[in-house]
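Same chain, two partners: chain A is paired with chain B first, then with chain C.
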Partner chain A sequence: MKKVLMLCLSAVLFLSACSSSDSDSSTSDAGADSNKVTIWAWDPNFNIAALNMAKEIYEKENPDVEIEIIENAQADIVQKLNTGLSSGTSKGLPSIVLIEDYRAQSFLQAYPDAFYEMSGAFNKDDFAEYKIAPTSVDGKQYGLPFDSGVTGLYVRTDYLKEAGYTLDDLQGLDWQQYIEIGKKVKEATGKDMITLDPNDLGLIRLMIQTAGSWYLEEDGVTPSLAGNEALKEAFEIYKGMMDANIVKPNSDWSQFVANFNNGDIASVPTGNWITPSVKAEASQSGKWAVAPIPKLSVEGAVNASNLGGSSWYVLNGDSAEQAADFLGKTFGSNKEFYQQLVTEIGAIGTYKPAAGGEAYGKEDEFFGGQKIISDFAGWTEEITGLNYGMHTYAIEDILIVEMQNYLNGKSIDDVLSDAQAQAEAQLK
Partner chain B sequence: MVKLKRIAVYVFLTAAALVSVFPIVWMVVSATNQSVEVTKGRLIPGAYAAENFSNLIQTIDLVPALINSMKVSISTTVLSLLIASLAGYGFEIYKSRAKNIVFNILLLSMMIPFASLMVPLYRMFGSISQTIPAIGIDTLTSAVLPTVTTAFLIFFFRQSTKMFPKELVEAGRIDGLSEIGVFFRIYVPTMKTTYAAAAIITFMASWNNYLWPLVVLQSPEKMTIPLLISNLGSSYSPDYGIIMMAIVIATFPTALVFFLMQKYFVAGMMGSVK
Partner chain C sequence: MNSKTKGTMAGSSLFPGKLSINSRTKSTFIGWSFVITAVIMICTFYFYPMIQALILSFQSGTGTNLTFVGFNNYTRLLSDSTFITAVKNTFIYLIVQVPIMIILALFLSVLLNDRTLKWKGIYRTAIFLPAVTSLVAYSVIFKYLFSNDGLVNTMLLKFSIVPEAVNWLTDPFWAKITIIIAITWRWTGYNMIFYLSALQNVDQAIYEAAKIDGASAVQQFFKITIPMLKPIILFTSITSTIGTLQLFDEIMNITKGGPGNATTSISQYIYNLSFKYTPDFGYAATVSYFIVILIVVFSIIQFKAAGDRNG
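Right after this comes the complex of A and B.
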């Protein structure tokens, strides 16, 4: 035992000696170097891949700038950014960070001095209008909009055909009609129409945005639940789906993906970022198509919505100007770059001039030759712009519980007014 | 009747064993399958182990992360054993009026969740970085320091020391050993089962530690294994085969440490309960 202890002890001394020596070298050069731009983002196949392409383009023209891309999970970035910013130490924070649009306002408003204003680095009118509200504060543009969370209704055309429908029948649907189709599909094929996770109300968010409504008032802080017509209808539709028995429940992401990879469901209404997961099951090639997302029946609703999506932010610091320049010259204005993004990684941006490019008009055999990219780009421009405000996920936690009460028989008006009261108490 | 009872017990134990073993089996089996098969819930070993492994090696820097995790876990384990056992020994052997108060305060600190200490800790390390960058933010040392000892470990050693015969200490003193000598020459060798149990607990906790290393380690080359695994799952379309392969590899060292020290571990845990 003694020998083992001695061995461990000497090992530690040795290891700590070498670990401190290598940390010396790296901390000294990371410090005040304004030519080094570090970036935090998630998803190696999507955001990181896009960054690597941008880096290649930018470094060719600016050989003296070093761009370091660091991959972290999204939840990890939120955690690290919150800790770093609230402790007031800029040490260790990156120059550029990717933030999901739903969370952006809470960062921008909680740490107003931490972010670099990007108004000068790119022209915001070049981007889809719906991305501007979440990425700016008081008319000042902080975020550079990146990927589109534009939604579509992914459908199995073979199942629909068995039930007597074609893709043409799915244009301009509202959610009530969607349920009716779902019932027919279930009758004809025995397959459920949709898969839902009771702990994720993404579908509700997607529905209310078709009507230009959100959990919060336009000021971004006042909860708008009781008396919110769009939200009320969305809840009723959700329950309608459950009652019609066309829902296959899932409890997490892997089950969600499995349900359509297995061919157990006939449609997936969600963001375009699901495309790679759908295409992962190569044996289903030719059996899928994408229709416009159904809308709510409240006035002014459109067949276009958004789910997720994120934007780039620059943090104040030595390399902020360099970082803004990098973003502006790649994601902010390079049309060719966006063509490359589509062909190589299937990322649909929100940069409007890019939509006319060649890559956007390409047919996709997996989707029966449909030009899905150009369809998505078209729907992106129709999305109603919203200020997602500060507390999207906090309110959603309340709604998840209330949704269960509603499904168990509580009346819709009570459900929403209770949720309103809880939200007001919690967010004071 | 007795036989029946025994059968019932074994049926129950078998069921319990199956339930606890299943996740591990599933993990190992999934590591040999393609992502699509994993999500479909396939439970038969597949032929993709080698492919998953080579994809894993290509996507992340596995070996440097393993080395980082090793450095952090071994340093944490050795330092915490040393500090916590000295403290536990001191609390039990030496007489002082204040010791119970101090000990109670120490125990109270177990109730503070780490998440609430994180921001002040980060701030501290931020300012340390200004003067001594070698132990500041983004160094492996900074991942080790806040965890080098825990109130629980001190408590664990104090409880175990209760059954350590005090006469041995006195005998040592009479024979001319210094206080430090008594500790290292008599206490440490006698308590090796306790040390083994504590080593396993600390090593596992440190190997799996996530929140603090996540916050304090920034550069990719300094990341530990749990951080890399978290990154693997960050994608919109994660590859579950690769993730499972990574988890299998990450689990291996803790399993190894546990099996090597298992017999001491059980003895040590029993000792602390007595």
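Right after this comes the complex of A and C.
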């Protein structure tokens, strides 16, 4: 009997020992070998596709380096990074990771020793200026800027024509004029001008960046909501669109895409990364065009803005140098590679020398022969650079609630000062 | 096994005192080794993290830049409107959902305990089945069922029960209802199983005696069934309360806390503080400890309300 007991006991101990050694080996595989570079990114059609192209180019010249690309959803990457970095171990983390620009400062400042300084790996002056602030801390460059979130106003030229407008009427618009056009379009065609998700204030972010304003002060930590003229106007315009009844609501990404693929709306003001989704509906070829994004009427606003966009970061570890070298030689300096990115996956980078290349000047039949890539590249250079700071999403959650209050009749000044008070309480 | 036991037995007859102590220490040793394994595991994986989290809850800062701030995090809770909304929402779920679910489970278990009922097994399985589905999977299905053009709305419209589609997920009131329906569906069967097993331990003679005395079915239910099930009712209401206070998966997957923060729960706020916003693990730990305190308080209240004898 006792023997059996002892056997059970030792089995229990043995099994638990086994399982712990198992988990050890699975977490330590990354970073152990300095010739192996592991990369985390999201979006198989865009980021992952770009990585695969870069990998091919780099491995040709450096056959001894092994590059492993792992696809994860963005939310998962954020969560895994936070968990891994806060535990203080780089085990199980990749050497290169893609981080959205809105979140970059949050990571760089929350985990100051975790990221590898990239200043030496590429020349930051080669990249669009507005990408530098979010990717650096105290003048030290940590991120290698990748895709441009430069925005455009995607419009259905056929609907506009019915309402009596041409693409020329859409140059240098402000948002108030945009609403007026929206009303006419609705009258003439019965189609809504825009589709919005009440839980996503991307449009507000896009609008205030045309005026070089943000949720936070330039220091990146102090909330700047009450008395923020740009934000106030953006809120008023948002409500104006609702009141003008030119908005078709959506509640998630697939509905958003469906709304314009079905031809239910006349325009999509958003980042250029939407191009593949717009073109997915091949039957609408020739009916679309891209106009400059409308601006706010506050002083200094420009017809160029940004929405989203992300950059590459290297984590400190055995293979950090190798990883930085990989990024520097592909995304950091390879002009040919950027031409390939444009032609093969339609990804517009923020590497300025690439804009002169052949692929950028190509006409796009889907957009009625418009040279959209070179238009986007031009607007990219006009974007006002901003420090997005640390708290974009925390503040946005507060604003989403206050926006609903505003739409239900609360006064704009109360809305913004209440939001300010909440933000100050939360971001202590 | 045989040879050794024989040996010991033979030995014990020769040197009774010495060897019995020896074998007693041996069995004590074996006993303790079993206990020690569990104790060490529980200490490393339960108590150590709990203490660390408590220490963490007195710190604040972004990511790894944590500094001690004393009770600041706890005072901050009081002025944090998102947190207060999350607590309110959680209480609404608690006050509305737990009683509905407990009563429903009790009712179903009494129905299914009927001796004359045919195909009991099928009904029991059907009602218990939701409890074995994955939280995420069922949440995603509920999200589709209750979407604006989902099955529920289509049926309600087709049968002319409602004049226009109900905004199950985008209206603050209906979104809460959707969450309550979802968790009730998921957990009623689970609680029912506890009642069923308890009912089977109730002596049928009591019911027979009551019947002879002329008690109606309703009287039997309130005067016999409920008192007999009291400890189980207490147990299920405590576990359901704890479960509701920790509500996360459903909200994360069905509404993401929206519209606005109309359905946010405390646990989802902890997630947002740690992973969605710039991480402040210290404050997140404080919010977690608030849940711990709530659970302790509620459990004490429920023990007291149910009477000490059953506790």
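Convention: the second predicted complex is superposed on the first by the 397 of 428 C-alpha atoms of A that agree within 3 Å, B and C clash if a C-alpha of one lies under 4 Å from a C-alpha of the other, contacts with A are read in each partner's own complex, and residues count from 1 in each chain.
One rule holds in what follows: a residue touches a chain if its C-beta (ideal position, glycine included) is under 8 Å from a C-beta of that chain, and two chains touch if they have at least 3 such contacts.
This structure is a prediction, so every number in the text was calculated from the model and none was measured.
Asks: Which partner does A:Gln109 reach: the first (chain B), the second (chain C), both, or neither?
Replies: The second partner, chain C, only.
Asks: Using the superposition described at the top, determine whether chain B or chain C touches more residues of chain A.
Replies: Partner touching more chain A residues in the overlay: B.
Asks: Looking at the overlay, does A:Asn262 come into contact with chain B only (first), chain C only (second), both, or neither?
Replies: first
Asks: Taking the superposition on A as described, I'd like to know which of chain B and chain C A:Ser251 touches: first, second, both or neither.
Replies: A:Ser251 contacts chain C only, not chain B.
Asks: Between chain B (first) and chain C (second), which, if any, makes contact with A:Val401: first, second, both or neither?
Replies: Touch partner of A:Val401: chain C, not chain B.
Asks: With the two structures laid over each other on chain A, which partner does A:Gln426 touch: chain B (first), chain C (second), both, or neither?
Replies: second
Asks: Of the partners chain B and chain C, which touch A:Gly88 in the superposed model: first, second, both, neither?
Replies: Both: A:Gly88 reaches chain B and chain C.
Asks: Give one of first, second, both or neither to describe whether A:Asn72 is in contact with chain B, with chain C, with both, or with none.
Replies: After superposition on chain A, A:Asn72 lies in contact with chain B alone.
Asks: Considering each complex separately, which residues of chain A are in contact with chain B in the first and with chain C in the second?
Replies: 1-2, 5, 9, 12, 16, 75, 79, 86, 88
Asks: For chain A, which residues count as touching chain B in their complex?
Replies: Chain A residues touching chain B: 1-2, 5, 8-9, 11-12, 15-16, 19-20, 23-24, 26-28, 30, 42-46, 70-76, 79-80, 83-84, 86-89, 91-92, 94, 253-255, 257-258, 261-262, 273-274, 276-277, 280-281.
Asks: Would you tell me which residues of chain C are touching chain A in their complex?
Replies: 1, 4-5, 26-27, 30, 33-34, 37, 41, 60, 62-65, 72, 76, 79-82, 147-148, 169-170, 256, 258-261, 272, 274-279, 281
Asks: Across the complex, what residues on chain B touch chain A?
Replies: 35-36, 38-41, 59, 70-71, 74-75, 77-79, 118-120, 122-123, 126-127, 129, 133-141, 188-189, 192, 195, 211, 214-216, 218-222, 227, 230-231, 233-238, 240
Asks: Report the residues of chain A in contact with chain C in the complex, numbered from low to high.
Replies: 1-6, 9, 12-13, 16, 75, 78-79, 82, 85-86, 88, 106-107, 109-114, 198-199, 249, 251, 390-391, 393-394, 397-398, 400-401, 404, 422, 425-426, 428
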